[in-house]
Amino acid sequence: MAGNSFGNLFKLTTFGESHGTAIGGIIDGCPAGLELDLNAIQRELNRRKPGQSEIVTQRKEPDTVAFLSGIFEGITTGTPIGFTIENANQKSKDYSHIKDVYRPSHADFTYDKKYGNRDYRGGGRSSARETACRVVAGAIAKQLLKNIKIHAFTSSVGKIYIDKPYQDLDFSKIESNAVRCPDGAIAEKMISHIKDIKKQGDTIGGTVTCVLQNVPIGLGEPVFDKLHAELGKAMLSINAVKGFEYGSGFCGVQMKGSEHNDLFNADGTTKTNLSGGIQGGISNGMDIYFRVAFKPVATIMQKQNTLDNQGNIVEMQGRGRHDPCVVPRAVPIVEAMAALVIADYYLMNKTTKL
Amino acid sequence: MAGNSFGNLFKLTTFGESHGTAIGGIIDGCPAGLELDLNAIQRELNRRKPGQSEIVTQRKEPDTVAFLSGIFEGITTGTPIGFTIENANQKSKDYSHIKDVYRPSHADFTYDKKYGNRDYRGGGRSSARETACRVVAGAIAKQLLKNIKIHAFTSSVGKIYIDKPYQDLDFSKIESNAVRCPDGAIAEKMISHIKDIKKQGDTIGGTVTCVLQNVPIGLGEPVFDKLHAELGKAMLSINAVKGFEYGSGFCGVQMKGSEHNDLFNADGTTKTNLSGGIQGGISNGMDIYFRVAFKPVATIMQKQNTLDNQGNIVEMQGRGRHDPCVVPRAVPIVEAMAALVIADYYLMNKTTKL
Amino acid sequence: MAGNSFGNLFKLTTFGESHGTAIGGIIDGCPAGLELDLNAIQRELNRRKPGQSEIVTQRKEPDTVAFLSGIFEGITTGTPIGFTIENANQKSKDYSHIKDVYRPSHADFTYDKKYGNRDYRGGGRSSARETACRVVAGAIAKQLLKNIKIHAFTSSVGKIYIDKPYQDLDFSKIESNAVRCPDGAIAEKMISHIKDIKKQGDTIGGTVTCVLQNVPIGLGEPVFDKLHAELGKAMLSINAVKGFEYGSGFCGVQMKGSEHNDLFNADGTTKTNLSGGIQGGISNGMDIYFRVAFKPVATIMQKQNTLDNQGNIVEMQGRGRHDPCVVPRAVPIVEAMAALVIADYYLMNKTTKL
Amino acid sequence: MAGNSFGNLFKLTTFGESHGTAIGGIIDGCPAGLELDLNAIQRELNRRKPGQSEIVTQRKEPDTVAFLSGIFEGITTGTPIGFTIENANQKSKDYSHIKDVYRPSHADFTYDKKYGNRDYRGGGRSSARETACRVVAGAIAKQLLKNIKIHAFTSSVGKIYIDKPYQDLDFSKIESNAVRCPDGAIAEKMISHIKDIKKQGDTIGGTVTCVLQNVPIGLGEPVFDKLHAELGKAMLSINAVKGFEYGSGFCGVQMKGSEHNDLFNADGTTKTNLSGGIQGGISNGMDIYFRVAFKPVATIMQKQNTLDNQGNIVEMQGRGRHDPCVVPRAVPIVEAMAALVIADYYLMNKTTKL
């Protein structure tokens, strides 16, 4: 209810502030008998962690996950999987300057008003550090869904975007560059742009596109829990996300029905896929694809006026080590959240018919 | 779990196929002591009902709601509010031609694969008729939230769109035309375009924009249940929706942090509102606004090839009475879903602090 | 949250006051493809309905269930099953005398204090009439669980009790007498006692024992949702229930471990079954059996002093048509709630292991 | 869904096996602004921990709780409270003898059948060690409910029981003896009996009675989530519990309505309290009291025949350090679960009326 759980049958509950002792979570409902590759989980965490390249924050966090339960001799037992990730590098002093100040477009003001107090160090609970727990759970969900391919990538940074359909991209190139864009030439432009932005002490937004392949037909619950509705919620729950569209998305609104309808082949596949792999909220076996909009990070290294908790307008300047663009590190988070949704709906679908 | 409930504390569960005896629902968790204006509820239903103008489906359904419980002497008692809406005009014969056929870009194929059988008459459970129940519950939520203003309107049809910020619109004009666009000149173009499309036996998409005013500060749960994530899910659960964005939305991805940040005034309001009234998933007291993309209706009055349940490609032509554009009738549904989310989060916020 | 839903995957939500237009409910999560015997559902309702014998209330309610959705051509479709039962015989005048009075040991006082108002007619939502909806859903659950046998019976009325283990009883005799006791001689004593009590204008308590046979091994979730914990909650949620015990129950507390342990046979069955078919919260394949305590009905036909809503002590006398003993009519309700729990846990168990 | 969470608004999710690295949990929904006495929490844990007296298991576990989040400068922040308790004393070797053997009346057999594998060391997830997490969360709930008094005590061991109503007991004496019985003379008999039983290598059952005072009027949700139904589920979810009764309980079934009804005083209190402080599922302001039955511990130090996982009957003898009677250590667990229920229902009741 208080919003720290995600999923119905495959369910993640997380805890932790960015500058407390540790963050962590509990995965409840992972089926028993799944042999886990723990290195693969850590690799996903490494894709998200700070300091991995020169275009992301230079904070150094080892982000090592420790599993405390639910796995015995390398295999899931069906009992809850508890895990923690220590907050190794808590430079709390970096944040003393914001103790009494509400940073613009951050959650400082709203947390204070909602709760009456807050752990102001590093954004506390509102820090994107919380997403590391999602990546851990998502990595386990991926192993549960081993036949399903989940590929997210950076599809735009500021005004620079990939001008090809995803079918023309080579997903094996996603990890070949720091910005996680599978088109090498565009990737270079993006990286160069992010470096410029960083030099200005500024930040920039971007989009992540995600493609899910080999999803079985039939996932999704009609009416309120349509598959794309849950995917949308999953993505919108990631820090800095401002929009979600799937299939034809916002472009689809300009089309006619006669153009937009996906005609069938005799085998039940469709000739086009403007539906984005989901019809009536239920997967139809075609690729599921969607796009997620990330705003520019609010913490900038320029002077800004802002408000303190006494009602004074004061001047502040961002300090610490922040991302000039969240999108490259958001790629594994998008994948993780997609995996959580699919795992949950995969399990839910097991009771649909006799 | 099976996806027919929405909300946590203010919770709607619905049932009903378009051509069964009736549709209906149960609203659980509406606080006791709310004096209900039943006429206002019916008025909201009338905004959604078929046959209300020449640009929507010409089906005639009275869509009269009957309340069965939870209201005593005009006041809610705190017990569940059960209600039904009869399916008066069930021309089931209109649908015998689709019994064995999967209409393109409909839910026929996916329902059949998921459940093994389906009530094919009028789309059964996948029919947008189900949204009438949402409008009933939303109308009650609106009365619970009497100080909060919720205004949705048609912001685009096909390529025709309102080219002004919402602040320049007069919301009192929304109901003054059949398309529910508050700008009279644009409304005329939209109506004329829909009529053209209808003559072609075709359909067209569009967008609905929704603005929530006077939402108290503090609504929204951090992490997975951010206020905009739940609004997004609510909207994406409406039939034909392909995308959702709030505040700066997809435009925000092209901006720099220095441009995008909303600087504070001394009273805690902000000079700009690219955040869309939500920061860190929690309302900040500014207007909440978002935009919802609707695809063109899949049922067209033109011949199309499609698949039958024996694996044959067959020719079919839409029959029956369908909307050339869902957007005008979607406006009250968007408002209803927004009201349900806000009512639920309003109640949830009552236990946030001591 | 407001307590009108039961179950996780097989989920019943109910509405309705005893003297409103109708009561009803929604069953969400019943798997598609179940061929329903609607007569069998009505038969279960008839076992619960008033006026069926001279030892129960003489109210006449036809208690006919109408299904509104979720069933197509006699088979469940996987969509929610909505149903209503009309309140045909609403003698509201019978209740005008209690409008301002809190009957002793009823819910009048607590409802008024909790909600600030109430539908006082016939107890409103607190009336046991609500359990008719449970019987409908339970009857469907029974059909889903066709290999599982669920037998409840009256095991005591006042101080008269069956002095044999359930293994010595012939369950086919349960419906052969008005009190639903499978031992004919004891049944006669019970009936005679209830008639005496009724003549006195008084009421009497009793117990129902329930035996579940052929429950598959493995149902039940460890820790908080142990199978017997959910069965206990299900039973304690029935009006007038004061206690629940399973297996050795309260007698088990006097035993030593060496006496209480159920030793295994080589086939995994156990020589004794003091565990009551559940170990560690999980069914072990042996018979599940439990006992439920019902207090005497609070409405008596004798004069009592009580409180009115102005703080005065006033004299009142029960009127209307009430049960001298609820136990005979509680038998099908106990079975229904047991069936709901088992159906839910049966579905949940489908995702336990790979 | 997988059963490792308890509560709706005040919600505990736990993880951990008895012989893994640690056990722990997440408390979500604790209101912000609660100043916590961390020593008081540890004191509750100490009441539950092994080795505290000669009549309980002689295992030595420090059972020290570490809080990882959700508390800032001693005050709750409204974000989830994560905590761990290390498994310091994991004598896994004690359990190698049961790796392939199903102990009688334990969860070994059912876990293996349900999950296909299990962490056999010390019972794994089925170990009562898990209840330490409940005590942590319950201790926080108690601090939230500071005006409500919650007292549990040992009311019987085997055939020795307190023969007075709880009103005649001095709750301040509960902690004055090792068995937690407030009547000193009876306590001595119980202790002596447990010592005898222990010498025999055997175990014995007992009951815990719990009294809740100063509970506000109005807690409890009608129909399925009646206050006593949730209390019953809470208690039945504790290891070794076989029964629950409240108010008049199983004795009430022998009474007439005219004897059982609680007549009102003019101030809304009642002259008697056979209702046990709850009417219609809702607290009425009188003392809530209930009784919980614990079976004898299944692990005995005598030879028993049992089954191995190859289908052979083998001889085994309990080893390790086990409780001859769980009841003394169950007392704080019963209190903790009661506190969790009341805290949850207290928060839920905040949205009942306008």
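We call the chains A, B, C and D, going by the order they appear; numbering starts again at 1 in every chain.
As a working rule, contacts are C-beta pairs under 8 Å (C-beta built on N, C-alpha and C of every residue); 3 or more make two chains touch, one makes a residue touch a chain.
The model shown is predicted, which means the values in this text are computed figures rather than measured ones.
Enquirer: With centres defined by CA atoms only, which chain is the most remote from chain A?
Expert: Result for max centroid distance from chain A is chain C.
Enquirer: More C-beta pairs touching across which pair, A-D or C-D?
Expert: The greater number of contacts lies at C-D.
Enquirer: How many angstrom lie between the CA centroids of chain B and chain D, rounded to a whole number?
Expert: 46
Enquirer: Using Cα averages as centroids, what's the distance between chain A and chain D in whole Å?
Expert: 39
Enquirer: Taking each chain's centre as its mean C-alpha position, how far apart are chain C and chain D in Å?
Expert: So the centre of chain C lies 26 Å away from the centre of chain D.
Enquirer: What are the residues of chain B that contact at least two other chains?
Expert: Answer for chain B, listing residues that touch two or more other chains: 1-5, 8-9, 14, 29, 32-33, 78-79, 114-116, 125, 222, 352-353.
Enquirer: Where on chain B is chain A touching in the complex?
Expert: Touch list, chain B to chain A: 1-6, 8-9, 14, 102, 104-107, 109-111, 113-116, 125-126, 130, 156, 158-159, 197, 200, 202-207, 217-218, 220-226, 228-230, 232-234, 236-237, 242-250, 252-268, 270, 274-276, 279-284, 293-300, 302, 304-307, 311-313, 348-349, 352-353.
Enquirer: Which bits of chain A are touching chain D when the two form their complex?
Expert: For chain A paired with chain D, touching residues are 1-5, 8-9, 11, 13-17, 20-26, 28-29, 32-33, 66, 68-70, 72, 75, 77-82, 84, 114-119, 124-125.
Enquirer: Within the complex, which stretch of chain D touches chain B?
Expert: For this pair, the touching residues of chain D are 1, 9, 29, 31-34, 78-79, 222, 347, 350-354.
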